[in-house]
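Scrolling down, you'll hit the structures one after another.
What follows is subunit A paired twice: with subunit B in the first complex and subunit C in the second.
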Partner chain A sequence: MKNVKPASFFESSARVRVAKLVDAGSFKEFCPPQLRRTSPHLARLNAPVAFDDGVAVGSATLAGHKILIAAQEGKFNGGAVGEVHGAKLAGLLDRGVRELPRAVLLLIDSGGVRLHEANAGLIAISEVMRAVLRCQEAGVPVLALVGGACGAFGGMGIVTRLCNEIIMSEEGRLGLSGPEVIETVQGVEEFDSRDRPLVWRVTGGKVRRALGEATYLVDDDICSFRSVTAELLCRYQTKPLAPVDIDEISAEHARLTERTKRFATARDGREIFQASGFVDLDEVSLLPVAKFNQQLLESL
Partner chain B sequence: MNQPSENPIIWDTQMRNCAGRLDRGAAFAHGREVSTDDITKLLEAVIEPGDRVCIEGNNQKQADFLSRSLLKTDPSRVRDLHLLQSVLALPEHLDIIERGQVSRIDFSFSGQQAGRLAALVEQGRITIGAIHTYLELFSRYFIDLTPKVALIAAQAADREGNLYTGPNTEDTPAIVEATAFKNGIVIAQVNEVVDKLPRVDIPADWVSYFVKAPTPHYIEPLFTRDPSHITEIQILMAMIAIKGLYAEYGITRLNHGIGFDTAAIELLLPTYAAELGLKGKICTHWALNPHPTLIPAIEAGFVQSVHSFGSEVGMERYISARPDIFFVGRDGTMRSNRAFSQAAGHYACDLFIGSTLQIDMEGNSSTATKGRIAGFGGAPNMGSDARGRRHASPAWLRAGREALRNGTMPRGRKLVAQIVETNREQMQPAFVERLDAWDLAESAGMELPPVMIYGDDITHIITEEGISNLLLCESAEEREQAIRGVAGYTAAGMARDRRMVENLRDRGIVRYPEDLGISKRHATRDLLAARNIKELVHASGGLYTPPRQFRNW
Partner chain C sequence: MEQFTLSYKTSPRLQEGHPPQLCGVVASGNLEVLVEPLDSADLCLIEVNTSAPGFRLIWEAVLSDFVERNRVAGVRISINDAGATPAVVGLRLDQALDAYRSAV
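On to the complex of A and B.
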């Protein structure tokens, strides 16, 4: 049928995201739902379980490049990381160390640790973090794709920031404590989680791109995520990920220090946009992605 | 015979009474202007016990400051009121009843206050005169329910008291006309007082007093439906509506009830309907509020004209930029008019389509549930055959031909369709053997069960299972089976006579998606011209400014 819109990343399930992101039919899943590796903790609490524990992991090709890929399902417990879920992620990354694919892609859609699983979930997250670093040490870049309804928060927000590239859509969100958490702890005066434009001005894709945390901002369709990812994979083919040296770390620290100064007084995304060279601040949230990227580029 | 009688009849008692009120009110006003602090005293001065008081308020605009001020009046002076309301929307409307200042109420819709109202009726603390449709209530303002005092809301007044109602003109002209020309008192709350109005919607001559409200009057964004909540089932039903009803009859003039089902139809016009080659052939002229979900169809050139009951929050700039489509004044803002748009929906539209909560086996539909007196609003005005209509149109004539059973006199027929999922939230069946309206009528002592649309007015029922054309049914028994035939896995649907339904299907009375050449596989959200509010904003070229609760970017 014509007149059909490209598939939205935001609206798609984890498996649809994977299927439409990689080369058609190339996804081979590890620990598929048929094996029913469900969470023992959820079962003990009589809470519903998922046969894949809320994450699909496997191998595929993307524009011909061999990759490993994981996709969190935000519709199951908000994509929260439990013991099995975390083990699947860490296991995939460790496989990356052995098999040396062009990259490992993490399609992150998660509020962080699964609170039902307490310490097991926390440990799982820390294992994922270490596995990301091991992968990178082995020369395998890890890319985060963030554009789901749950965003990338809590421990998964940290995992996201460890990645070599962060590709976000405007709808995607990235942060440490989620808006509701901040409101609960610090009060509604500090942060009104129901003020949706505010939430997006502080955690959304555009402000994360302006801050330089997201390395790419793309439209909310799987095709756009695919084309940027394909571009990056080509780049890593010609220029493989080099081990990090002290100069690079120093440069990054200098950049972060400079950023802290540049946005020292900013209390809201509006001020970040202003400091990033945007003039009509009311229009920023409505700017099409291509225009936003162009304006940001011009001001840098 | 010509000698003067001892007790001459006085013909201007009302005029004298009105003059007396204005005299008393003068102490609290400077000309027509009343200061915010004096409004309660003014109300006490001009309202008399037993007055019929109309507080402007419908499902959108509310004279909320005047409602709150009425609550502060002395109950020993302002009492025994007979309230006339389009909609009992605010808690204040019920608070004034609870304070014992109101003895009787006539209204058309109560929405969120439906539960509280039912409780007050049950406790005997209020008598309901009648529950109306909008047009009936407006009509009665001019016959036997003329307001003595009208408390209305406008955007702005000038120093003389001319009023600018802005895009949300809504009920104001009907209320003011009835009150001002029958010696009543018209009091307007305004958001601002200015030297020069953009345009005059209500002349100062018809206005007794105006007061600047401390906060702008409340307007509910009632007609905003976020496309991200539209389900694939609703998309399938929208496809059935477009192909099995709109295309079939060539419906150009119509009204949509509010809901996600009809929003789905609006969003499928530039995609699915365009693909069927229906652009310019259907949905060109509307009686409709400025639904944000209509933006893509307007931008695609589907729509030629839209007249509105009221405006919609956030649509103002878009409307102003599309004066070919909407009714826009020379000042550049829309003028809506609920009474005219209701009349237009009744007499000048060939189709009404809307959703409901329950449909019985005679096709009667109702949104009433026990313990809630919700009323009607405008749906019955649109969702009924216009028996007084005389002008012909192809859709109207075809429906009339299909309906003709006895006699030979050709006559048209309005298309009235209900679009419902067979099971609603929490698996509540939409198809029932007996409407809850019967129980409500019994418990609230109503003379009639509150039926939104009567079975003999309904022509089509659309569900995810298919579409039934009730016009073509030859008998009551066939009608019943035609309803059961699209009632899916509800108890009423399972009780169908399968042979009869198959027979109806052979005759094209019951049609399923496959009979219409619709593949269920194609009913995906990617068919929506906009899948979320942001895409609506982009479709509008940035002109639509959605209220913040609808944003997620």
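On to the complex of A and C.
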């Protein structure tokens, strides 16, 4: 057997993530870089542009299932969503409504709206949100994969929570206001964005999994993301996404009410872990993913 | 931003029919390089778009080294740069050309 070094999702670029996640050579890009659909706003601000405006979108197969896929490049302006970037995401999701692939995969790595583009960026994100809902209405599940350095924050945090499944690594982060934003608005006493253990206890993959927001916690290698995604695609093949009905919405509301009560006094990730049944709280951040998942399952 | 286009007359040309290749990311101290086929068989066209103005002489030195080292012709290379050092530019160009030559 070939000894293949696992590729870190966290360390990889958006394009490498796509290439290694889907079936080898199956990725066909829409709006490829040579079309040079760069941001007119960044150009007017005399800021560097990227040929793909920080997101690669296209079709591929994963374990033989036809999918549409988008990957944000967190290193370009923090994966922030500008007008072109957002249009590529919304366009991909609308294509999902027409072509009905098994699923649309969003590899999210973004701080949210690209502030340079102001209203155009905000509108772009709202269009992405509506496109996610249209896709789901058409019976196409949208899956979020979160494991990059920028996490999923701001508008893209909302987009992530709209998805049918959220697959995260421990390194991934999910939230609405990011740590720097909270610190800027509320002061360092409220949240010290340089306190990395605090940042991960509050926004990281493990706490999001304990809260039930992330539906899967996987190791930080692209293979692990791939195998969980493949499993989910099979599951949606056997049991397609059903239209949302009022009973389901009521059940979700009841679940959220219960969650609010359960964690009512929690101020920190440690207390979430405690309320989730973890005994050795100093150990939680060091637990390997498989052990963490097992202990979480046992406590439920 | 500073923009300029340099063209080098060289030979031999690369094999035809490679799909365009993109390497690197526009991030601080980094750059992206897009390599595409060019109709003129004996030309290497390089377009630079950099966030650090005033370094054209250094760009010219790095790019002419690159062209000489690889004997590239029949390609159009487009660069979006966010302040990469000359060494990073050289390595990224070699990587992009390598990816282009092995792409089918």
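Assume the second predicted complex is superposed on the first by the 296 of 300 C-alpha atoms of A that agree within 3 Å, B and C clash if a C-alpha of one lies under 4 Å from a C-alpha of the other, contacts with A are read in each partner's own complex, and residues count from 1 in each chain.
Everything that follows uses one rule, which is that contacts are C-beta pairs under 8 Å (C-beta built on N, C-alpha and C of every residue); 3 or more make two chains touch, one makes a residue touch a chain.
Keep in mind it's a predicted model, so treat the numbers as computed, not measured.
Trainee: A:241 in the overlay: touching subunit B, subunit C, both, or neither? Say first, second, both or neither.
Mentor: neither
Trainee: Should A:33 be classified as contacting the first partner (subunit B), the second (subunit C), both, or neither?
Mentor: Second partner only.
Trainee: Which holds for A:171: it touches subunit B only (first), subunit C only (second), both, or neither?
Mentor: First partner only, subunit B.
Trainee: Between subunit B and subunit C, whom does A:266 touch in the aligned arrangement: first, second, both, or neither?
Mentor: A:266: touches no partner chain.
Trainee: Comparing subunit C with subunit B, which touches more residues belonging to subunit A?
Mentor: B
Trainee: After superposition on the shared chain, which partner residues are touched by A:230: those of subunit B (first), subunit C (second), both, or neither?
Mentor: neither
Trainee: Return first, second, both or neither, reflecting whether A:196 touches subunit B, subunit C, both chains, or no partner chain.
Mentor: Once the two structures are laid over each other on A, A:196 reaches subunit B alone.
Trainee: Kindly list the residues of subunit A that each of subunit B and subunit C touches, one partner per complex.
Mentor: Shared contact residues on subunit A: none.
Trainee: In their complex, what parts of subunit A are in touch with subunit C?
Mentor: 13, 15, 32-34, 36, 46-52, 73, 75-76
Trainee: Give the list of subunit C residues in touch with subunit A in this complex.
Mentor: The contact residues of subunit C facing subunit A are 1, 20, 22, 25-27, 30, 32, 34, 36, 49-51, 78, 80-82.
Trainee: Name, in rising order, each residue of subunit B that touches subunit A in their complex.
Mentor: My answer: residues 228, 270-272, 274-275, 522, 524-528, 531-532, 534, 537-538, 542, 548-549, 551-553.
Trainee: Touching residues of subunit A toward subunit B in the complex: what are they?
Mentor: 1-8, 10-11, 170-171, 194-197, 200, 204, 206, 283, 285-286, 288
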